[in-house]
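After this come two complexes, each holding subunit A, first together with subunit B and then together with subunit C.
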Partner chain A sequence: MSKNESSRGAVRERKEKVLTSLQNLGERIYRQIIAGEFPWIKMPSRSINNILYDQKLRQYILGNRSVRRSSRNIRHIRPLTQLIWTAMFVNDLTRQSKTSTLRDVFYSAQAYEMSFTDQQESDNLITDLETVIGYSREDFNVFPEERSAIFGDLTIEYTIPGYEGRRLNLTSHPDGMMIGPALTGAEFIDCKADKVIAIEKGGLFTRFIEERVHIKHKALLVHTAGQAPRATRSFLRRLNQELGLPVYIFTDGDPWGMHIAMVIISGSANAAHLRDLNTPDAKWFGVWASDIVEYKLPSDKLTELDIKRLHELRKDPRYEGKIWSREIETFMRIKKKAEQEAFSRYGLTYIVDEYLPAKLEMADSY
Partner chain B sequence: MSKNESSRGAVRERKEKVLTSLQNLGERIYRQIIAGEFPWIKMPSRSINNILYDQKLRQYILGNRSVRRSSRNIRHIRPLTQLIWTAMFVNDLTRQSKTSTLRDVFYSAQAYEMSFTDQQESDNLITDLETVIGYSREDFNVFPEERSAIFGDLTIEYTIPGYEGRRLNLTSHPDGMMIGPALTGAEFIDCKADKVIAIEKGGLFTRFIEERVHIKHKALLVHTAGQAPRATRSFLRRLNQELGLPVYIFTDGDPWGMHIAMVIISGSANAAHLRDLNTPDAKWFGVWASDIVEYKLPSDKLTELDIKRLHELRKDPRYEGKIWSREIETFMRIKKKAEQEAFSRYGLTYIVDEYLPAKLEMADSY
Partner chain C sequence: MPKPPSETTPHPHGIDIETLKRMIEATDSKTMKEFMKKHFQRVGEKIARRFLEFADVGIKKNPKRLTQDEIVRLVNALKNYDGFLPPDASCLSPLGKDLLKTGIKKELNPEFVAVHQRKPAAYSGFPFIVEVGVAYGGGILKTDGILLYRFANRIPLLFDEASDISYKVVNELMNWRHYKVTPETPIAVFIHICSLKIPYKTVGKEFIADRPEVEHEILNALREVARQLALFLSRKHHMERERRRLDVFSKYLPKIASFSAKLANREKIPDVKKLLGSIAKYVEE
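Coming up: the complex of A and B.
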C-alpha cells in the first residue's frame, strides 16, 4: 500500500497550509498599515461572466477578472472589515480545533459587535474568504448541517483533540459512520478495499451493507444522502487521490441523479473558486436511461420539470462526454425515469447479485 | 445498573413477539379457510373520528370503532390480499434479518405480481399491517430513509447477522453513530451516562461533543435531525424505559421546535395505532420563548405561518400543560422566535457553559 503510506500526514499538512494562508492574509494587512497604506485586498471575481469550464481540470474555474476592496473607498470599509473579522474568527476556530456552522458564524459576529444585516451577508463573506485564501470553509472548520455516511474496510486515525492517535475501522458500526468534522479530519492508515461505491439512497446503502458488498466487491460504500455535501465530495476525492481507489457513483435514473454524479465528478459552478472538491475520474454507472430499457425497470413518466432539466444539461459543457450525451438522448426518447429501488421488482438482492457485478465490469471498459 | 442488567434480551424478546404476531395472523387466516369461512380480518379504525387523546397514556390512541375486511365482499378482496402479501413479505424480511424501505416494498410487490396502483397504496397497507399486529414497521424491518445519530458512553451489542455478539461503545466515532437498523436492533450492555439530551440541530450536536457535554454532564447526546424519525423516537423511549435515563429535549425556540419535542413526548396522531414510540416523561427544556426574553437572544419576527401554528397548538390537548401553555402565550406576546445557535451571540461555548447547566437544574424541578 504505497499510495497509502504516503497519505499519512496529508490532513495535518493541509491544515498547516490553511493556517499559513490565514496568517499571510493577516500579515499582508499589517504590512499595508505599517507602510501607511489604506489596507486593501484583491481576489478573483465570482461574477457569472468570470466562471469558465476548464476542460483540462474538468471543473469550473474563475477567469482572470478580479475585484479589489480597499478601505480608501468608503463603500468598501464594511465588507473589508467583515472579511478580516471572518478570517480572525475562523483562524481561532481552526487553531482551537472547534467547528462551527454558517449559522453560528452569523450569530458569533454579534459577540464582536460585528454586524451582518442577515445570514446571506455573512455567508457571502465566508465565500469571499474561501476565494481569498483558496480553501473551502470545511478546511477552516465551518461545516454544513448535512451529514452523509461511509462503511467499509478502511482504518482511520483521528486528529481532533481528545481523539488524537485513536484509530477506528470503518466497519465498526453497520449502520454506517457519519462523515462529519472528525472523519473529514482523519488520516488514512490502512485500507483493504479496492474501490469506492457512492450511493444516493440510504435504503440502498443499508441493503449493500447487509448483502456484504463491502466484502464481495472489496468496496468502501458511501451514502451521499442525495446531493453529496461538500465534506463528502472532498472525502471521496481523498479516497481517490490518496488511496488510488476508483470511485463509482450510483444514483436514481433521472436528470437529478445524473447531476448528483456530475457534481461529484466536476464540481459545481458556485464552487468555481475552489479546488479539491471534485473527483474527475469518478464514474457514473447507473441507473442509466438505457438500464430502464435493458432491465425492463418499473418506471415513471418524466415530468415537464424533468424534461426542462434535461434540456439544460444538454447545453452544459460537463455533459458533452459520450455516456452523458447518449443517456440524455435516451431519457428524451423513452420519456421515463426509474429509481434505484426499482430493481427490487426482481427481488431484493437482484441489484447486488446481478446488476452491480455487470456494471462494475462494464465501468472498467469506458 | 440493575435497570441495565434487566434490559439485556429486550430486543430479542420484542422480535420474537413481532414474529409471533405475524404467525398468529397467518394461522387465523388458515383456520378460517379450513373451517370453510371466507377469510376476514378485523382491525381498529384509523379514521379521524376514532383518534382520541388519552390523558393517562399521554398519547393519541385509537377508539373502539373497528373495520372488518372480508373476502366475501368483492371490494375487500384486493386490500385483504395485499395485506396478507405484505405480512408474508415482512415476515420473510424479519426472519432473514434483512431490512427494507417503504419504496422497496412497493417495488418488491411487483416481483410477486401483487399490484399496487402507487406507493401511497402500499404505504397504507403497511400502516394497516401495523394496526393489525400492533407493532410499528421498524419492528418488522421496514425503515425510513432518514437517519439521526447518537454519541455517548453506552456500550451496545449487535444482534444483526455478521455482527451478533459484537460490542461497540457509542463514543467510538466523534461525529456520532447513526441510528439505523443495526443500532435500533442492538441490546444495551453498559451505560455510564445518567441522562439523555436530544438536540434538533446537527451543528449543535457536534458542538456538544466538542465541548464534552457527554463527560461534563454524563449525557448521551442524540441528534434528532429535525423531526425525529420513528426509529429514533423508539430508541429514546428505550433509553428512558430500559435504562431509566431522563430525556431532555432541546430545539429551536419556535412552534416547530416545540412540536419536535412534543412528538417525542406524546407521539403523533397518525401513529395513534401504535405504542412504544413516545417518551411521556421526556422534558422540553428550550429554547423557550421566555429564554428569548431572559437571555436577550438575537431573534426573528414570527411569520404569519408561525402564528397560525401557535393557534393550532393552543387547541391541541397535548399542549395543555403548564410550561407549554405559558410558552405559547409568551411566543404570542413577544412575537419573536430564536434558533439554538442564537446563543453564539455570547461566544461559542456559552450555551454549554452557562445555559445548559441552568436548564438541567431547572428541569428537575418541574
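Coming up: the complex of A and C.
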C-alpha cells in the first residue's frame, strides 16, 4: 500500500498550512498598523452574482469581484475586528488541537467584549474567515454538530491530543464510527476496501453492515445522514484522493436525494469560496427515476414542492450531465418518487444481492 | 423694571371708517394736512402731503366738510398707502430680548434658547410688537407636541390655546421639519404680543384673533428663532455623530492591534494612538 504510505502526514501538513495562513493574516494587519495605516483586508465577494460554475473544476467558484474591509470605514471596523478576533480564537484552538462548535465561538466572543448580536453574525464571520484564508472551518477546528458515520476495513491513526499514535480499525464498532473532529483529523494507515459507498439513510447503512456489504463488495460504508456535512464531504474526498477509492452514492429516488449526491460530487454554491470539499469522480447510482420503472418499486406521487425543485435543478449547471438530465426528465414524466427502503418489497436481502451489484457495474460504465 | 410707556396718537395704517369719523367729529384742525399731522403718529409735513395726494383729497380741505365718498377714499388709502413710517413703539412695553431669555432660562433651564423681537407693526392703527423665544432640551420634557407659552402684555394666557393665532402659527404654518425639529424634539415656544390693544377675539380675553398682520409677525419671528435652533441642532447632531464615531474607533482599533499581535505571534502590541488621533482631529473641526 505505497499509496497509503504517501498519504501519511497529509493531515499534519494541512494543519501547518492553515496555521501559516492564519499567522500571515495577523502579520499583515500588524504591519499595516505599524505603518500608520488603518488595517484592512481584501477578499473575494460571496454575493450571488460573483458565484460562477467552473466547468473544469466541476464545482462552484467565486469570480473576480472582491470586497475590501477597512477599519477606516465606520461600518466595517466592527466586522473586521470580529474577523481578526475569530482568526486569533481559531488559531489558539488549532494550536492546542482543541475543537469548538459554531455555538462555542458565539459565546467565547463575549469574554473579549466582542459579542456578536446573534448566531447568524458569528456564523457569517466564520465564513468570512474561510474566504480570507481559503480553508474550511473544519480545517481550523470549528465543527458543526454531526451525525454522520463510517464503517469498513480502514485503519486510522489519531492525531488529536491524548490519542496520538493510537490506531483503530473502522470495523471495530458495528454501529459505525462517527465522523467527528477526531476522525477528520486522523491519518489513513491501512485500507483493505476498494470502494466507498455513501448512503443517505441510517436504516440502510445498518442493513448494509448487517448484510456484510463491506466484505462482499470490499466497501467502506459512509452514512451521510441526509445532506452530507462538510466534514463528511471532505472525508469522502480524502478517501477518493489519498486512497484512490472510487466513491458511489446511494440516495432516495427523489429530487432531494439526487441533490445530496450532487453536493458530494460538485459542492454547493454556499461553499464556492472553498476547494477540496467535493469529489468530482464520485458516482450516483440510485435510486434513479428509471429504477422506479425498471424494478417496479413501490412509489409515492411527487408533491408540488418536488416538482418545483426539479424545475430548479433543470436550470442548474451542475445537472447538465447526460445521466442527470435524463433522470430529471424521467422524474418529470413518471411524477413518482421512491425511498431507498422500497426494495424491501422484494425481501430484505434483495437490495444487497441483486440491485447493488447490478448498479455498481452500471455506474462504472458511465 | 423697563421704563414706563408714554402716551401716543394712533398709527394711520388700518384705521377703520368708524374710528376715522369719530376723530373727524372731535378734531379742531381746519385742514386735512393739519388733521393728519395732529392725530396720527409719525406723520409730518411731507408724509401728510404725499398721502393726501395718494388719497386724492385736498390738503386744505376742512375735515368737517369731507363727503362720504372722500371718507371712504381716505379709509382705503390708509389701508393701502405704504409710505407711512413704522409705528412708534414708545407707547409699548415689550419685555426685551434679555429679560425674555432670562425668564425662559429660569423657568425651564433649557440647553438652548433663542429669542427675537420684531420691529413694531400695526393693525387697525394700533402698534404692536411680537417677541418670541424658542427653547430646547434641559428641563423641557418630550411631549406629543410643541410646548406653547402665550403672553399678552406680559400676562400669561392660559385657556383655549387651540383657538389662539399662535397655536395656528406654531402647529400649522411652521414647517418645523425644515428646521430639523421632529415630533420627538423637546422644544418650547414662547410668544409675547404687546400692543395698545391686544386683538382678543372674545371678551374673555383668553385667546388672540386671526389678524393677518399679527399672524405675519409671529410667523416671521418664529422663523428667525427656528433658524438659530436649526443651526444649534445640526451642530449638536454633528458633534454627537462624531463622538459616536470616535467611540467606535477607540473601542475597536486597540482590539485589532492586540488580536493581530497575538495572531502574528508578536510580543509588542502596535500603537494605534496615531490612527485615533487622525480621527479625533476630524471631530474637532
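By definition in this document, the second predicted complex is superposed on the first by the 366 of 366 C-alpha atoms of A that agree within 3 Å, B and C clash if a C-alpha of one lies under 4 Å from a C-alpha of the other, contacts with A are read in each partner's own complex, and residues count from 1 in each chain.
Everything that follows uses one rule, which is that a residue touches a chain if its C-beta (ideal position, glycine included) is under 8 Å from a C-beta of that chain, and two chains touch if they have at least 3 such contacts.
This structure is a prediction, so every number in the text was calculated from the model and none was measured.
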item	value
Fit-or-clash call for subunit B and subunit C when the two complexes are aligned on subunit A	fit
First, second, both or neither for A:F38, with subunit B first and subunit C second	second
First (subunit B), second (subunit C), both or neither touched by A:R103	first
Which of subunit B and subunit C A:R314 touches, first, second, both or neither	neither
First, second, both or neither for A:G180, with subunit B first and subunit C second	first
Partner contacting more residues of subunit A (subunit B vs subunit C)	B
Closest approach of subunit C to subunit B (Cα atoms, Å)	17
Overlapping contact positions on subunit A, where the subunit C interface meets the subunit B interface	none
List of subunit A residues in touch with subunit C within their complex	22-23, 25-27, 29-30, 33-34, 36, 38-39, 71, 74, 77-78, 80-81, 84-85, 87-88, 91, 112, 114
Residues of subunit C touching subunit A in the complex	245, 248-249, 252-253, 255-257, 259-266, 270-272, 274-275
Residues of subunit B that touch subunit A when the two form their complex	97-101, 103-104, 106-108, 110-111, 143, 145-147, 149, 158, 160, 162-163, 168, 172-183, 201-203, 206-207, 210, 212, 298, 339, 341-348
